[in-house]
Structures are given as structure tokens and as C-alpha cells.
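These notes are about the structure you will find just below.
A, B, C, D, E and F are the chain letters, set down in written order, and residue numbers restart from 1 in every chain.
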Amino acid sequence: MSKKILMLVGDYAEDYETMVPFQFLLGVGYHVDAVCPDKKAGDSIKTAIHDFEGAQTYSEKPGHNFALNADFAKVNTADYVGLIIPGGRAPEYLRVNPRVLDIVREFNQVQKPIAAVCHGAQILAAAEIIEGKTVSAYPACAPEVRLAGGVYADIAIDDAVTDGHLVTAPAWPAHPQWLSQFLTALGAKVDLG
Amino acid sequence: MSKKILMLVGDYAEDYETMVPFQFLLGVGYHVDAVCPDKKAGDSIKTAIHDFEGAQTYSEKPGHNFALNADFAKVNTADYVGLIIPGGRAPEYLRVNPRVLDIVREFNQVQKPIAAVCHGAQILAAAEIIEGKTVSAYPACAPEVRLAGGVYADIAIDDAVTDGHLVTAPAWPAHPQWLSQFLTALGAKVDLG
Amino acid sequence: MSKKILMLVGDYAEDYETMVPFQFLLGVGYHVDAVCPDKKAGDSIKTAIHDFEGAQTYSEKPGHNFALNADFAKVNTADYVGLIIPGGRAPEYLRVNPRVLDIVREFNQVQKPIAAVCHGAQILAAAEIIEGKTVSAYPACAPEVRLAGGVYADIAIDDAVTDGHLVTAPAWPAHPQWLSQFLTALGAKVDLG
Amino acid sequence: MSKKILMLVGDYAEDYETMVPFQFLLGVGYHVDAVCPDKKAGDSIKTAIHDFEGAQTYSEKPGHNFALNADFAKVNTADYVGLIIPGGRAPEYLRVNPRVLDIVREFNQVQKPIAAVCHGAQILAAAEIIEGKTVSAYPACAPEVRLAGGVYADIAIDDAVTDGHLVTAPAWPAHPQWLSQFLTALGAKVDLG
Amino acid sequence: MSKKILMLVGDYAEDYETMVPFQFLLGVGYHVDAVCPDKKAGDSIKTAIHDFEGAQTYSEKPGHNFALNADFAKVNTADYVGLIIPGGRAPEYLRVNPRVLDIVREFNQVQKPIAAVCHGAQILAAAEIIEGKTVSAYPACAPEVRLAGGVYADIAIDDAVTDGHLVTAPAWPAHPQWLSQFLTALGAKVDLG
Amino acid sequence: MSKKILMLVGDYAEDYETMVPFQFLLGVGYHVDAVCPDKKAGDSIKTAIHDFEGAQTYSEKPGHNFALNADFAKVNTADYVGLIIPGGRAPEYLRVNPRVLDIVREFNQVQKPIAAVCHGAQILAAAEIIEGKTVSAYPACAPEVRLAGGVYADIAIDDAVTDGHLVTAPAWPAHPQWLSQFLTALGAKVDLG
């Protein structure tokens, strides 16, 4: 039976940060359930393209619609070996949903691997599970990491950091490092032959 | 000599939240200096349209370019009777600029009126001036207000709240209430005749 | 009881020229009824962003949806102390609506203050109330002002002009001057303390 | 030697209203010089897509860039057998250019065929050549036709009208009728065999 | 009774390549039936703006909605004197529709003029009617022309080529040449007087 | 020393189809060189969002800019263990570049794994390496596969097919299957523990 990962997404999640980890984990052999509060399997979320095009912060354009494949209301965290949280503008509003925070805390309680990229750290901060932990996040979210008692990891934009079961990274250029470290945290190994 | 207000903006500030307070304050008689880090009078910022179009959180589209009329590097807070901070996506990155935080703290130190709308509260939180204060913000930013020790005011989307010299509101529908309370905090009065 | 202003808008009204005067007048204490032909309170209009981005005339992008708060069909001009007409692309089509023209003429008849910005002057011209009057408008609309017998005021883009009860201006950079003169025409006064 | 037609365009001319007549006239055998004030052969104008998508007036989206093939500054009206004026948002600002109005008057003076579609009639009105003439235009421009002394032709959206050397039509759905009548005015004939 | 031309279009047909030939043929006197599989008269297709804006291939933006005026399901090729196929992204998917290919083959069988521009050649290739024929197409489609046994005509972007009853061209700048040659193939003549 | 994969991309490659395989292969441990004709490491390509939003074929919106990390001019196919070709609108124009076709043929010659998704098959067809091979492609490209002598695999949109060293799939929903089969073709194995 395949191992299952839970993915927490919402409207205006960053497009790459949603599809790359979703298809990466599927491609190496996990089952991934992508869920969003108040939505069911077959519903979709809108995504956003966050890119750097000359302004002092990222630009935003509309991305793909991303199809969910499981029901948020039916999530049982015991079914999953790990949790993954994409960034973009979804974490901002997802963090005020009590069930979202409970889900994160349940994974944290039993120390199952939790991966968050970019603004995904906003949910970790709101769930109050990063006190004393070294956590990466989109650089402009460093104040939130610190207000929640975390140690902000000031790493390169394409790097990631693992502190126990928490695997975090600053933004989508870090996907390879971040997903590689998440595989390690999950106990998986790749042999290129 | 006209009384001066300082306005802190940046790229992807919300379009309404930038122009409405700017022109409101000019229209009732203040001089307003709109500044952005690393920019000068005559430079412009890109703005963003944040609206509700059916998704679980706000949509974003490109807005007007907004022309700055003063140099950030030359700001002397002693020249101003109040500070105003628009929302949108600018406060997120402005809050990691040390001079931005110092400017906010200087206004706070001498209890000059400070008005912030929507994500503007992110700067107040990062400046650590809201401990024990009742503060409104975009609802999805409530966790940030609380992590910074503030009391999040759960008010209507078109309402505002004044706690001492801090005047805050959840989003642009609250502009009339917010700007009216800011005028009061500044000691101004309007007589409709 | 608060004094009421009537605001005439329509689809593709300019975004700033709709929201800035609406919230300015609310913020200083007026009640404002925003109406559009064939629409009711709670309906919305689409707005347009008109900006200058290097072409020989303004660019257009989609703006916010603007929510109306009163029914056009129920307008009784006797209820209002003044009329305000935003610009953009709405005045062009609103001017062929006979009731729109009648409303303008009723305010004009009793010399209640009428404020129009940018293309708003197209409605004043079509209502044939500007003969011999000094009127500002978006510069490209000067020929329309003149064809209607008005004296086109060739003023700066951020300036406004009052001729009797008519307060007009060329475009949104003029909002502060225009709204300040409109307050004066309405008999209001602001005391900054 | 081929017969030459002059075409007056500018930024944000309607995309269809620019390219369809340009290529129609070339395709049947005319030479067409497309010019814009302050631009030369090889420069381009931005065009606009005007369409009906549910609002009370047309929507606007960015269209193709349209390449000019002659210099405005070198126009000698004696070289041309007719003049054609597309619509969109270009005529609004072109009508305040004195040389544009002179060019129109020179064609009118010698009664060479002049074709205008949609907002193109704004230039005819500003040039003051439609007094007593039956002229079609975009319906929302009817007040301008009348203010200039013209008789507004209230015809179907896909119809056109010829009054002497003036051939006018309400919008791009009328291109076939409008261009056919323009051919007739120019003395051309098509034999389908 | 007017002579009829059939036009095969679909979603994301190029905007110019749809409307210019449609209105050109109407304007010179043909009746044109524009049809799309699974659609009827009064339905519309979305079009695409294909332009060159600095990238190595064309950019795409949304164009006008184009209204169909006949039912695909009712097409009887015997009713038409010629067939015209616009380009853009529609031909790619239309070529897998068996009835589309049959329609093309029926015109080809009786050697009635067939005009295709840009990606329209993809349908000619899929219908397998270009073996040994000299055919123009969008340059990047040359491999498809050759795979189907056609001789790719490497002509200028604004030129067209006629080989028997096939009239083809590389892209919309070629419309005048292409439509002129199509008129010739149809036996029509224009006399400019 | 890490094993290297070559990735062939170009302007308006599909956004997901570019970044997902790029980061998937990096994440499992390969080095990936992404190249585009006439571009170097550090240059970027524009990408396109291809999605299904109700029309008869995919919609297109602008995607992220994708940064290349190697020089096309320096490609030596002997350095790589495999080749990967994303889809979108890039393959259409890349297939007319002789060096692109040579690169594909060099991988094919020595039977190194070649993966192509969606329109990527257009390059395989133009390189004439699919005669008798079972190949998947975007369904609308089936005629091109067949014209080139390939056997079009009519599989589900999220499935992939391997025929010898060729691994192909219809579109981005198939990434997990496609990339998993590509890993197999490369001799790699994943152990989830």
C-alpha cells in the first residue's frame, strides 16, 4: 500500500509551489492528497504566479487552476506519513482556519515530517509550533518567524533547512533542495544507478 | 504653513489604499509626502488591485503607477504631524527595512497619530509598537497582530478603531471611518455648514 | 440628519475617479448615493484603470468592481445638496440616457453644486448646461466643451476650476483641488486645528 | 500607378477597425498610407480590442501593435483619392491635433471620399465638416454629431450610410457595408464573375 | 443570388486571421458562412492575438469573441464556391475532427478554391491533400507541410502562393496578397475605376 | 560526479512542463542543463500557462520567466545521460532549428533515454526518429505523430508510454507517470523506506 502525504493548499497558492511538490511526490511513488478548507475532491483552487520582474517585491499574475483530489472535511492525519505546505497567498488566510492549525499540530505532535516553503511558514508560525526551531521562510516573512519564537534561517534562495521534522525553504527556486531534504526526513532514498 | 503627513508606501501597495488617503488628506488641506525606500520624488511605485471576485481570498490585478513626491532618504519625522501606512503587498517587504521601522517608532515615541489600513498593521507589528494595543488589520493578519502582543479588533470591514494615537482599519471599505478617525486624532474638524 | 450627495457612475468609470470622491465625501461627513442606470443598491459596476504608460493617450486596464449603494430608478434630486460625476468611459454612454440628462438639468436648474472630473464633462455638454460657462475636462474633450458652447479651461492637470455652481477638473491628479473646491461650493469648511 | 488612400490612426485605435479597412483596401488594389501624428513609417501604434462582454458599454483589452507605413509629417493630401478614419480611442485625442483637422478639411474641401467608423466621427465633428450632413457614429457619440450640427443616422450596428462624399458607420460589425459603400464612393467596382 | 464561401474556425483562431478574411469577402460581395464544430449560428468562438513582441516566437493575448453565423452540423459543401481557413491555434485541434477533414476533401475533390493562412495549413496537411503541392504556412509549420508531402513555399511573410486551387500564405501580414489571389482563384475581378 | 540531463526549452514553453521536470530531476539528484537556441546560462525564456477553461482547446496566459543555466552553443550530447523536452508552444519553432534536430538525433543514435511531453513530440516527429515507434503527444498533435510514421498512443491524459528509449506523455497531468518512467529508463530507483 502506498504511503500517503497530505498537502494543504488554498486559493492563490503559488502555482509552482503547488504543482512541483505535488507531482514530485507522486512521481517518486507517494500518494498525495491535496486539500483545501470548504472544498472537495474535484474542486479546484486558483493559483498565482509569483515572479520577480523588476519591482521591489514579487509580481503576481493568474496561474493554472489546480484540481484538488481529496476532501478537506475528511482528513484524518493518522493516514499520512507527512505534511507539505506550499506558499503563495494561500497560507495567509488558511492560518486563520482552526482545523488547518489543528492538522498542523497533529503532525507536529507525533513528529511526522512537515515541509513548508515560502509563505507556508506563516501557517507554522500561527500554529505556534516553531518556538526555538530553525525555520526558513520567504525573507519578508522573517519577522513572523521571529514573533512566533522561531530562529529565522537566513539561507540562500535556493537552499533549504531541516530542523528535526521541520523542512523549510525560502521560495520555489529551493524546491530541489527542499524536496530532497523532505525525502530524507521521510526515510526515502533515491539510487540513480 | 501647511501641516505635513508622511505616507509610507512600496511596490504593490493596494491601489485604493494608496490614492484615497493620499488625496483625501491633500483635499482637506494637509501636505502629504509619499515615500518609498530607495526611491525619490518623481519615482513611482507599482500598485495592486485587491478585490473580491469569488475566491476564498482577494484577487490581484495590476493597478495605477503611483508617483512619489518626496525622497525616503531625506525623511525627518520631526517635520510631520502624523504618519499613514496603506496596505496591499508593500507592508510585507517594507517591514524588513530597518529605517522603515525606525520611522514608525519615532512617530510612536512622541505619540503622533499613526494610521494603518489592512496589511499596514504588519509594519506596526514588526516595529513592536502594538503590545497591549487594540489594533485592526486585514482579518487574515490577525495572527500577526496577536503574535506581536496586540489585541486584534474584530470589527466590520468598513469600520475603524482608535486606540490612543493608533488608528487602524481592516481594508479599503473602511476608508471613510478610518480617515475620519485619523482627522480626529490629528485634531482636525470638518463643518459641513 | 446628514447631507446627501448624488454620484452618477456607470461601467468602466475610472477607478480612482469613482472611489476617491466617493470615500472623500463620506469621510468628511456626507452621505453619498452612488447610482447607475438600470442598476440597484448592491449591484456593482466594472471600473477601468486609466494611466499613462508611454502611449499618446491613456492606457486602460480592469479596475475594482465598485458597489452601488442606491437605486437609480428611485433618485429624487430634491433629496441631495450636490451632484458629482466621475470620469472614465462611463460618461460617454451615460450621456445618451434621458433620465441622466434630466437629473443633471434638475441640479443645474436650482444651482446646486455639480462637480465633474475628466470625461464627466461629456455629460454636462450633452445636458446643454455649459453654454458660456468656464469648464475643465479631459484635454481631449475640449472640442466637446466648445461645441456645447462652453469655455474650455486650459488649466494644469492637477488643477480645478469653479464657475458658479459648476466645479470641474481635467483628470484624477486634480482630485485634491477639485474636491476642495466642491466642499467650498457646498458651503463646508475644514479646520485642521 | 496605384491609387492611394490615406488612413489616420493613433494609439488605442480599435484593432479590427484599423487592420480590416487597411487590408481590405490593399487587397482590392489600393495603396494605403497609414499615418499617426509624431510617428514615421516603421513606427507602430498600440491598438485596443473593444468588445461586448456583458457590461453596459464595451470592454477594452490590448490588441496587436499596428505598424505604420508612412510619415505623418510628409502627408500631402493631393496624393490621395480618399481618406479613411478608424475608431477606438484614437480619434478622441487625434481631434485636438490641428494638422489632423486640416487634413480632414482638405479632403472635404475637394469632396474626396472620407470614410469614418465608430469614434472616427469625433474627428469629423471636431473638424466641423458635418453641419447638415447625415452621419453615423458609435451610438454613444450621437450627442457629439448633433452638437456639431450633423444629423445622427440611427442605423443598425452592421449598417453604413453615405451622404455625398462622407461614408460612416457605427462600429466594426458594419465594416462590410461601410467598405462596400466606400468602394462605391471611390468609383470602384467588384465583379464576382 | 450571392455566391457563398465557407469559413472553418474554432476557439483561439487568430483574431485578425478570422475577421479580416470574413469581412473582406463580405465587403466585396460574397456571403460567408463561418462555422465551428459543435457550434451553431449565434454561438461564438474565442480568438487569440498573435503578435511579435520580442520573444523567439509569437506572443498570445485574448482577442475579440467572434460570432458564428451558420451551423457546422448543417454544412453542405455543394452550397459553396470556396473554402477559407484562418490560422491561430484553432487548426491544431480542428484537424482531428473527421468532419472537418471530410469538408476539406470535398472542396479539394472538385477543385474548388481553398485558402488557408498561417496554421490553417495544418488542416490541409492532416487532410492529406497537399502531396506534391506548393504550400505556404506559418514558417514553424514547414515540417508539417513536408511530412505531408507538400513543397513548403519559403516566401516573404507578406506574400502568398497559389498552386492550382490552393491559395496559402504564412501569416496575417500576407492577407492582402492572399485574399487578392483567392479572389483571382474564385474568378472575381476588381476595377478601381 | 552527478549524472547530467539535457533539457531543450524555448519561449512559451508550458510553465509546468518546464519547471516540474527540471526540479523533479534536480530533486532526485541529477544535474540538469536547461538550454535554448541563441541563449546562454543566465538568460531566461518566457513561459506560457496552458489550461482548460471551457473552450474547445487550451487557454494561454503568461507564466513565469524561466532561467536557463547552460549555453545552447556549448552543448555536447556526450556529456548527458538523457534528454528531456517540455511542451507548450516552444517545440513548434524549435523544430526548425537544425542543431536542435541534430541534438535529438544524437541521443537517439546511441539510444539514450529521451523524454517528451505534450507538444514536445513535434520535435521528435521533425527529427524523424519515431518511425514505427509508439509515441504519446498532445492529442491534437496525433496527426503529426502519424505523418512522421509513428504509432500514436491514445492513452489517458495522466498516463505515459515507454517504447524503448522514448518516454512520452500527452500533457502535464501525466508528469508523475512520465517522470517515473523516465527514471526507470535512466536506470534509477526510488526506495520510499
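Here are a few things to note about the model shown:
To be clear about the criterion, a residue touches a chain if its C-beta (ideal position, glycine included) is under 8 Å from a C-beta of that chain, and two chains touch if they have at least 3 such contacts.
Keep in mind that what you see is a predicted model, and the values were worked out from it rather than measured.
Counting only chains that touch, the fewest steps needed to get from chain C to chain E is 2.
Centroid distances from chain E, each centroid being the mean of CA atoms, peak for B.
At the far end from chain D, in terms of centres built from Cα atoms, lies A. Counting the residue numbers that touch the partner chain, chain A and chain F have more than half of them in common.
Centre-to-centre, using mean CA coordinates, chain E is 30 Å away from chain F. Chain A and chain D have centres, each the mean of its CA atoms, that are 56 Å apart. Distance between chain D and chain F, defined via averaged C-alpha coordinates, is recorded as 48 Å.
Residues of chain B in contact with at least two other chains: none. Shown here, the protein chains touch around one cycle, each chain meeting exactly two partners. In the cyclic arrangement of chains, the order starting from chain A and heading towards chain F is A, F, E, D, C, B.
Those residues of chain F that touch chain A in the shared complex are 3, 15-16, 19-20, 23-24, 26-30, 49, 51, 53, 61-65, 172, 175-176, 179-180, 183, 186-193.
Those residues of chain C whose C-beta lies close enough to touch chain D in the complex are 10-12, 36-38, 45-46, 48, 55-57, 59-60, 89-90, 92-93, 95-96, 122, 125-126, 139-144, 147-148.
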